[in-house]
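Read the structure below first, then the notes.
All chains are identified by letter, namely A, B and C, in their written order; residue positions are counted from 1 within each chain.
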Amino acid sequence: MFKQTAAITAMNIRSIPQRLGMSLAAIVSIAFVVGVLLAFMAMANGFCATVSGTGAEDVAVMLRAGSQAELNSNMSRDEVLLVERGPGIAAGGNGAPVTSAELYVIVDGKKRGSGTDANLPLRGVGPEGPQMRAGFTMTEGRMFEPGAAELIVGEGVIREFSGFELGEEIRLGTNTWRVVGVFSTGGTVFDSEIWSEIGVLQNLYSRGSSVQSMRAQMTSPEAIEELQAYVENEPRLNLDVQSEKEFLASQAGGTVTLIKFLGWPLAVAMAIGALAGAWNTMYSSVDARTKEIATLRAIGFSGFAAFLGTMIESLALAILGGILGAVAAYLLFDGISASTLGGGFTQVVFSFAVTPASLIAAMILAIIVGFLAGFFPAMRAARVPLLAVHQD
Amino acid sequence: MNGATLVRKNLFRKKLRAILLLFSILIAFLIFAVLGAFNKTLNAGVETAAADRLVTVNKINFTVSMPYAYWGRVASVEGVKNVSQANWFGGYYQEPRNFVQTFAVDPETYMRAYPELEFTQGSAEAFFNNRQCLAVGADLALQYEWNVGERVPLNSNIWQQQDGTSDWDFDICAIFDAEDDNVPANYALFHYEYFNESLAFNRDQVGWLIINTEDPSMNDAVSQRIDAMFANSPAETETTTEAAFSKAFIEQLGNIGLIITLVTGAAFATILMIVGTTMVMAINERTREIAVMKTIGFPAPRIFRMVLSESLLLSLIGGLLGIGLAASLIWLMSQSPAVSGSLPGLSVGWRVTFIGIGFMIALGLITGLIPAWNAMRANIAEAFGKV
Amino acid sequence: MTEPLYQLTDLSKRYTRGKESITIFEKLTMTIPAGDFIAIMGPSGSGKTTLLNLLGGIDAPSSGEVVFEGKRIDNMSQGALAKWRAANVGFIFQFYNLMPTLTAAQNVELPLLLTKLGGKERKQRVRTALDIVGIADRAGHRPTQLSGGQQQRVAIARAIVADPEVLLCDEPTGDLDRATADEVLATLQLLNKELGKAIVMVTHDPSAAKYAQRELHLDKGRFVEKELVT
């Protein structure tokens, strides 16, 4: 049986050059299906990895109850002080709790791609703020000086937006700010932000001593529950407490779902179109070799071998197309930088990520197309009447 | 029998093959039309923007407010016919996930700024005179099944009242809509005064100004005058046309145009190859028949046209079925209140249809050209007398 | 004397295959009067089919003239030739060459699509042509539903439906059994005698040649003429 199948498969594959155009069309159409699917998945995965993949589990984020996003939230100085007295918060070198009260406002940046204004988050952070982001490093320039109208800019912002280059002066209201440094947090959502010292920002926006959100370094991930219980039982506090990881995941959810909801139906629709093309190719392949198959059957080859031969040809075309699409998608899309409006109503810069899981999913789709495209033509091959041997 | 009979019979000679080709063409045009419909709806703000309408926002960003006094000062700028102001309320109904796009506005100037809006229930007077009135867009009213006379509370995820609560009570006293389906009516409006006087913080601020100029040709001059007036103040402004403002907002989502172009490009490239190679093969199979027709006296140009008509017919049938299917799907989707609320006026539309027909003709011509050329050049003497 | 149907003068035809140049015939001259029925015989490669191609204007001579009813056709454009063929020549092939997707009647109607005739008149002509060849009862059948003899009758009906002056037949009975071949040949003879169609028939079959008024033997590009006594 193996020898028979191998012989028929070899015969099929040798005859591909006679249908080169159609075989190539089948391969390339499957490559397109895989490519489109991978592009959308790379977009979703890249965005997801940036926004939700990097939040810390032992950092608590506090917002005004019901406000959902930092932009909408506000907290008074009293509330901040009350939280700092809460349980489970790690102590710093001087024995004080490690927290960062932060202000979050939006400023305009120009998208490099389109030249249009886009929302960028300007975050006023406390002295402990940078250390609370794992992997924070200054890649260029220096940290802002307390009290000075100085900014440091995430490297994602530099990549996608113009107007915030090192040394640039920016007017916000009546103040002139200077970009003094570029920082990186290793590709997290904070790389899409611009930071300044909170006091200066409060002043500019006439916020007095109020802030919008607060982060606290916990002694352990479990300690967040203690803090939650404390906040709930303290009548003067009306806050939502979440781990940073949870908070960022909730911010990413909508966008990721949207991209995946768009990508999968498109890929499936295209796969159906490609299936029709591959089907066509396989039927022509069987039609073109009716006499050869009949001859082989007449000299004793089994119908099942004829079935397998055609099936293998179809799968080979599909897998070839799948690999072509995957390689092309990887080369074209993996690592490219893009930005979109994230959950905080500001731009999130992310890199497309072609992941092994999505490669496997795309190859499975290609193989399904190959299998379906081969099945009925293979049935026809298996049922070629022996009399077709006399066909001219 | 006539020439069309020949084309039709040849096209459906191998039924399975024809159906598979039609199907793959259908899918490509389905993708094209569905994405086109979404794109059209997303860009509705740009398409339906009035030529004489400008938007003034805080130069820092449009989410940052401006002093209330700006409203009055802009009204006196030369070339300005009408100024209104609006504020983002960040509303939701009962649950945070029931997002309701709500603006606190100055009712009379706002309705003057948007003359395309008409009241389908209730009246302008009801809206103007009732301080707690919520004027609801028709799409939004449909989504939440709201009717005039109902009393609804809306929560804000941003603002708080002085008593610490963040819910406002409203009477639905009017429902508005626009004749043009592309103009969105998926939001609600209420009185700025009702909003401002109860605010715990950020009082006497306005979110943005909407300006109608006396003539679109004055837009640039008016923009410059307004922005110059507030230069070097704590709240500098940036004034752009409504269309530019909408476009910049859509661009924030990402390069949607590029994504749509790439996806439909991939879909079209696929069918171009599938249909193209199959047509070449199908015509090659018929070389002998074509030679016979030429021998009988069919002139070469007529053979050329026949083969080209065949691929055109294939492309048009498949394409029109695809656009038809897309229109049906989109119509079904637009019947869902959730979709009509977030993507009002979702439909395939004539523009997409006409562009689609253009692509069908192009596809038919491109895929038919090589086989038609081959057929026209087929050497009749060689086909004559041999098997 | 009236003008002959065909006057071939100093006709030469050469092919180049690779580096080799093959001469099919050299300075061939012949006359075919109107109403003639010639059987052209000869071994394979003697140039029979090439001669037929030249008469039908589907191939051009290397030199010499082909004159049909006083008009040269060897130097006409492809378009003009197509028009000329549609009006003056009917073709009958060994393997019938019917369009598989069309019914017998539609196959016969095919050449009429090149005329300005209206639908009603076309139908009438198709009916008449099918009647003449005796296959009217199969008008609605497709070629695959017909026997070889029946298919060849449909092909003959197609050849005569536009009322041409001459029928060019390439081995018209080559694929038929004896009895069917005789029926088809009798039909051709009838068309020649009753309707005055000139017929040029290439054949291998000496008994087929018997139906013609005269036989021409072509050998290495030269004629050996024999008058037939019928």
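The rule is simple: contacts are C-beta pairs under 8 Å (C-beta built on N, C-alpha and C of every residue); 3 or more make two chains touch, one makes a residue touch a chain.
Note that the structure is a prediction, hence the values are computed from the model and not measured.
At the far end from chain A, in terms of centres built from Cα atoms, lies C.
A comparison of C-alpha centroids places B closest to the centre of the full protein. Computed centre separation for the pair chain B/chain C is 64 angstrom, with centres defined by C-alpha atoms. Between chain A and chain C, the centres computed from C-alpha atoms are 72 Å apart.
One inter-chain figure worth recording: chain A and chain B are separated by 26 Å, centre to centre, where each centre is the mean of the chain's CA atoms. Across the assembly, chain A contributes no residue in contact with two or more other chains.
Residue positions of chain C with contacts to 2 or more other chains are absent. For chain B, residues touching at least two other chains, in rising order: 387. By the touch criterion given at the top, residues 1-3, 5-6, 9-10, 13, 288-289, 292-301, 380-381, 384-385, 387 of chain B touch chain C in their complex. Of all residues in chain C, those touching chain B in their complex are 49, 52-53, 56, 58-59, 78-79, 82-87, 89, 91, 93-95, 97, 99-102, 106, 109-111, 113-114, 158, 162, 170-171. Residues of chain A touching chain B in their complex: 19, 21-22, 24-26, 28-29, 32-33, 35-36, 39, 66-69, 71-72, 74, 105-108, 111, 113-114, 116-119, 171-174, 205, 238, 266, 269-270, 272-274, 276-277, 279-280, 283-284, 338-341, 345, 347, 392. Touching chain A in their complex are the following residues of chain B: 16-17, 20-21, 23-24, 26-28, 30-31, 59-61, 63-64, 90, 96, 155, 157-158, 164, 166, 201, 232-236, 238, 247-248, 251-255, 262-263, 266-267, 269-271, 273-274, 276-278, 280-281, 387.
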